[in-house]
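Letters A, B, C, D and E name the chains as they come in the text, with residue numbers starting at 1 for each one.
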Amino acid sequence: MIGLAIDSVLALGIVWLALQTVRSVSMLQAVLMFIVFGLLMSLAWARLHAPDLALAEAAIGAGITGALLLVTWRRLQADGHDPVDSELPAQSKWLTIPTACAAALLIVIVGWIALQLPAVPGTAGDLAWQRLGEIGVSNPVTGVLLGFRAYDTLMEMAVLLAAWLGARAVATTYRPGALPGPVHVEVPLVGALLSLVVPISILVAVYLLQAGGSAPGGAFQGGAVLAAGGVLLFLTGRLEAAPRTSGLERVGLILGIAVFSLMGLMVMATGGHMLALPGAWAIYLVETALLLSIALSLVLLFAAAPGLRRMS
Amino acid sequence: MTTEALVGLIFLPLLGACATVLPGRLATRAGVLAGLLPLPWLLVVVTLAVVQDPALFVELGGFAAPLGIRLFADPLAVLMLWMVAIIGGLAAVHAWFDFPPDSPAGQSFWPLWLLLTSAMNALFLSADLFNLYVCLELVTLTAIPLIALAGSKTSVRAAMRYLLLALLASLLYLLGIALLYNATGTLDLYLIRTALTAAPPAAVVTALALISLGLLLKGAVFPLHVWLPQAHASAPGPVSAVLSALVVKTAIYLLYRLWLWSVPAGTLAAEHALMLMALLGAGALLYGGVLALLQERLKLVIAYSTVAQLGYLLLILPMAATAAWPVAWQGGLYQLLSHGLAKAAMFLAAANILHALGSDRLSHLRRLDQRQPLSLFTLAVAGVSLMGLPPSGGFLAKWLLLEAAWRSGQWWLLAVLIAGSLLAAAYIFRILAASLGRDDPTEAQPVAASRSIPVIQDAAALLLALLALGTGFAAAPILQFIEAGAPAAWSTP
Amino acid sequence: MNPSAVIYLLTAAAVFGIGLYGLLQSRQILRQLLSINLMGGGIFLLLITLGGGADGRPDPVPQAMVLTGIVIAVSATAFALALLLRWHELSGSTELDADAIADAIADAVADAHDD
Amino acid sequence: MSFGWQALPLYVTLVSVVTGILVFMLGEQRQHTRTALNLAGAILKLVLILIMLLAIQAGATFEFRLPLLPGIDLLLHADHLTMLFATLSAALWLVTTVYAIGYLEQSPNRARFFGFFSLCVAATMGVASAGNLFTFFIFYELLTLATWPLVVHRGTPEAFAAGRVYLAYTLAGGVLLLIGLVWLHTLAGGGDFVVDGTLAPIAAGNENALRGIFVLLMLGFGVKAALLPLHSWLPRAMVAPAPVSALLHAVAVVKAGAFGLVRLIQDVFGFELAASLGLTDLLAWMAAATIIYGSVLALKQSDLKRRLAYSTVSQVSYIALGIATGGVLATVGGLVHLVHQGLTKITLFFCAGNYAEAYGVHSVEELDGLGVRMPVTSVCFTLGALGMIGVPPLAGFVTKWYLGAGAIAAGAPWVIVVLVASTLLNAAYFLPLVHRIWFRPLPDTMAERADGLSRVRQIALVGPTAFVAITALAAGLLAGVPGSPLFWASRLVGAEAP
Amino acid sequence: MSLADVIASLLLLSGCLFYVAGTVGLLRFPDVFARLHALTKADNLGLFLICTGLAVHSGSLRIAGLLLIVWLLGLLAATVSCYLIARRAVRSGQMEPPAMEPRS
């Protein structure tokens, strides 16, 4: 009963925040609403017994995405173009109403269809539960991500790489100082915070990676937490944007894909199946590589610059 | 051996892309060469295997579907892979000069290009609906930065619009997949067929509608084509070529897979859906043709021509329920092939013209036969195929389509096909006429002198055009190959 | 069906719809990106809820799909934001359509000038 | 698929393609190489055709077959009809090439011109040697493509306007042809050309389908053959340079249309079947109407080339009329006119080109008294005009005689009426020209004007003119000699040589 | 219901009370400093109470330790962010710095 009440409040909160994201006049407010939306989503994942997703949503969906949105808003605003309020009222009244109606219709249809769906026996998920033992991990999500559907994970890393490549390609006119850099806050408190938080984020990332085999966690969550540490360093000016990507960064960016695919190819070359990782050690090795690549990609994407360097 | 070749088609460009990111002067060069050069050889192996067995499955990780992800190669997939290898390869040759691997531009270009190649190969081979979503996103997120590499305001605007619509399209697709998975318990394109009959029809129809809508949006099918012309016209030449010849086709390819392989024949009001899509195709053919006729820039004419020519690919769908299906299928695929070759040739030639003349306005093309004879020749030869005039692959495709339309008694299709090819003739000849024009003696500004183009760039474009022409003579073996994997016709009601 | 599942299903549909509405009616690229992310959130919620999340034993395959989806969403958003910054740098605008016609004319003039 | 000597028709076609491509590659500057190449190509082609002619006399057969689609082959072969058309166009091409070299001596874009010129003849060769309708269609459309750049060659707005009209007509015609072909293919498959056709066995029950197919194909060919409602591109295309006009009217385009009609009746449907379906009557009436209408319009033209153009509209329909009338004699008349009209009309166009180049003469009135100034050209013109009218013993008379005799034999006496009317009209629009040339005084303004031609150009222009005029004369005078066009036409129909 | 449960419930309830108070302060107080004051102080205490309540409820030392870390991290984050917000408010000129000492 209490569970139902919590779910209801959560659901109402999510819908209200979504509405606010779309409707609020100020763009900053919209971004903030979206971040809170992400946090509530993370709670919803927890309520839906998907703690892996709760972690990922909090770290990536709300955390990194929110930070990206905020910093972009800040950069747009700093150039004297506050995207804030130039837009409302919406495009035009006559377009708003049909759009709203179409969206509402879609809501009704999708909702109705979803409610009608019966449970199907023998899904891929059921098979995954049954055959989890073959992978060598006990967390089924990790099992699917790095075992049964490892190929998806690999391609997803390629997507992340593509996003960084794309961002670097469009940021060709990078000039130092063109983007309002982070405020270099030299206050004792911030220093203290960093000296605590960054090691903790590394610790947490390693923990999540290690735990991923049997409990909620894994490379993505760990990578996001690690990235959060990097983002903090960047925001507080310990790291700054550099016009070139250093060699180490380049290696780090492709590490995940390279280790993953070479491992897969190696297995195939020795007579196994492509991408069938030989045991848990291989999974942890690949996950470590993935974690480093994910963290580095996210920080670089956040910096919106080709590379990073330490503040001189 | 075949498994290795199939895997190599995806992983070589992927690892090549990784290599191009690495530091070192030679890394980019080595990555590009290692990622692209072996592809045709691998394809020969795959082709030979598919000739033996027209439905080739490879289970990744050794997990059988629906648990694992499978790769699937059949004649259709192999045809698409060949197009990626040939068109992508020649476009890469062309790009080598505009984006030298050592230059900053090349550093941006080549990793994305290789990832795009890998993504398209993966997409054409994948048998898993969610994996296809990932591949689609990868294609989108590599193609769009390549557009923006042109650097102009127009190109960035086009890229931004394309990105927003592509993301919307992906989400519609994903929603459809979500419903399908929960209605059937599988994501495998080929296993889902049997499961769909047992699933609740309302859910399946909604899911199929959402997926198709997303794909139609990605495939720039009229009236969802708004993003395409500017994006394709403002991209760098080789990118335009690949976008028009291959990237938009990925969505059409998936529509084929979905409706002709996954949906059980004749169920779920599929006939109406196919008819609807064919009507959209007809609209595309006519609207795109008229719009192409009204453009003032060469690249925009070619881009609108893509909008139009995609229509042919949808027109064949309603014939799945008729006895003319084998012919229609052959015609559709031949159109896919010849349009790809011709369109890539035209975009590369247009890029050469743009480089040489500094403009691609039709009014600036006069005396092109003196200034850029090879480019004009390329445009003309590729144009012949695009118009469907003999001797060319486009002509054979049109012949097959007409024959199929006639055999199936779909007279309106016949009319649309004819109207489409006449419109194509009109806009192609408009380009040619503009190119043969003389200098106007009353005009103050003489035509700008033309800059010289590396001969390889001209040759790449010309070779593609000649291939389009050559497909007019090599149809017999290709069609025989295609026929082996044609989806079964629906039993006529 | 579990009442919680019903609640989350309806939430999912609503969030997706709200996102769609926001995407279609706004001109601000930033808000359109927010809307796209909302839509994604709605779909993810749908996947997990239908996968039996409310019943305590969620299907791991949709979970993996959502995890992949979240990473793809952040990748796409990050790239889109970079592109938005570039667009803003070139045009001074944070919208796409506002001055499309004026720009087309300016392009044409610039082009004519080149020759 | 064999690439041995049997594939000679392919090589005859390819000779011109290669010539064309080499000319394109040579570029604008290397004039002498280009001239040599053009002449070499033309002569080589003629030689190959003569070899083929002799081989066929000796009983050899030629065939090149390449499967294009399931059930459809690209087929090039050489039957008697092929040889008639191929010899005519190869010979006239050589002459026209010489003429064009002289005609275009100083003008720009010659590489482009000669390149397409060669492609155009290649397509004509393909049309001549096509062994089935599908192959015929391929080359027929190629012909359209190759001639369009020639029509718009001058690059003026009028030229482009004419080019647009030309394309609109020919592409629309191509579409009709294509639909007809598809229909025929679905009905009967892609059969080869066989004398008397292959459709008779399937005719029962498909009469209306066959009628529909015939009408579509007839209209498709009719566009290029300038049959009545489809003719108006032809006079407009007169903006092209004179050698192009010659090509359009005498060697390639119009002839390809007429040749298509011949193939359609003789080798696809067979005359018997076409007649039994009432289709030959339709064609005959259309041809007759075109003959009269073209002649009447020719009367009204004051521009010399336009008058010649309408004359072509009228004269080409003799071919269709002969074929459609049927019977041995009329068919011979139609076929032989393919050659006679070609020779005569090319003479006239060359003359018109000479007048225009030398004195800038374009309209009929300006011809006054030119006979004294340009005697050779004027004699040729007179011969051509008389030949067109059909004055015995010139070539036109031979045609009309056979047509008339054939019409009576075939029981279609109304054809005689058409012939007589047409002859009178021909006389009415040609004789005044002859009168002006020889019997009017040279106007003062003209008298002071010097001949605008250099010595070389004079030879290059007048030489071919005289040559074709003499050939045309010979074709008429020596009609009864073995090897004459009439001889070949008769052989074709299986009749005894006259 | 055992004694531990009662204690845990009381702790949780009082924790919630502090949160509510903090939130009301955030909404009702007139300026940035006052709001920050209400928010951070009350919330830190609220968080402490809730963590303690949960620790008591779980009855496990390991979980208690983890909750302690949670509270410490929350404390740290609240401190730093409160400081930064206040600093920003001062820098941007919206607020006079509050008087630390009585003015002379």
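Heads up, the rule we're going with is that a contact is a pair of C-beta atoms (placed from the backbone, for glycine too) under 8 Å apart; a residue touches a chain by one contact, two chains touch by 3 or more.
Every value quoted in this text rests on a predicted model; they were computed, and no experiment measured them.
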Each chain counted as touching chain D and chain E at once: none
Farthest-lying chain, centroid of Cα atoms versus that of chain C: D
Chain pair, most C-beta pairs within the contact cut-off: A-C
Chain nearest the overall Cα centroid: B
Most remote chain, CA-based centroid, reference being chain B: E
Distance between chain centroids, defined by C-alpha means - chain A, chain D (Å): 74
Chain centre separation in whole Å, for chain E relative to chain A (CA means): 28
Rounded Å distance between chain C and chain E, as computed from the means of their C-alpha atoms: 35
Distance between chain centroids, defined by C-alpha means - chain B, chain D (Å): 43
Numbers and ranges of chain A residues touching at least 2 other chains: 110, 114, 117, 123-126, 128, 148-149, 152, 156, 159, 162-163, 166-167, 170
In chain E, residues with contacts to at least two other chains: none
Where chain B touches two or more other chains, by residue: 130, 134, 137, 141, 144-145, 148, 156, 159, 175, 179, 181-182, 187
Pairwise chain contacts, counting only pairs that touch as defined: A-B, A-C, A-E, B-C, B-D
In the complex, chain E residues that touch chain A: 73, 76-77, 79-80, 83-84, 87
Footprint of chain A on chain C - complex, ascending: 1, 3-4, 6-22, 24-28, 30-31, 33-35, 37-38, 41, 44-46, 48-54, 56-68, 70-79, 81-86, 88-89, 92-95
In the complex with chain B, residue positions of chain D that touch it: 24, 27-28, 66-70, 74, 109, 112, 137-139, 141-142, 144-145, 148-149, 152, 155-156, 160, 163-164, 167, 171-172, 174-175, 178-179, 182-183, 185-186
Chain B-facing residues of chain A, complex: 109-110, 113-114, 116-118, 120-128, 131, 147-152, 155-156, 158-159, 161-163, 165-170, 172, 246-247, 250-251, 253-254, 257-258, 261-262, 264-265, 268, 272-277
Complex contact set, residues of chain C against chain B: 16, 23, 29, 32-33, 36, 39-40, 43, 46-47, 50-51, 61-62, 65, 68-69, 72, 75-76, 79-80, 83-84, 86-87, 90-91, 96, 100, 103, 107, 111, 114-115
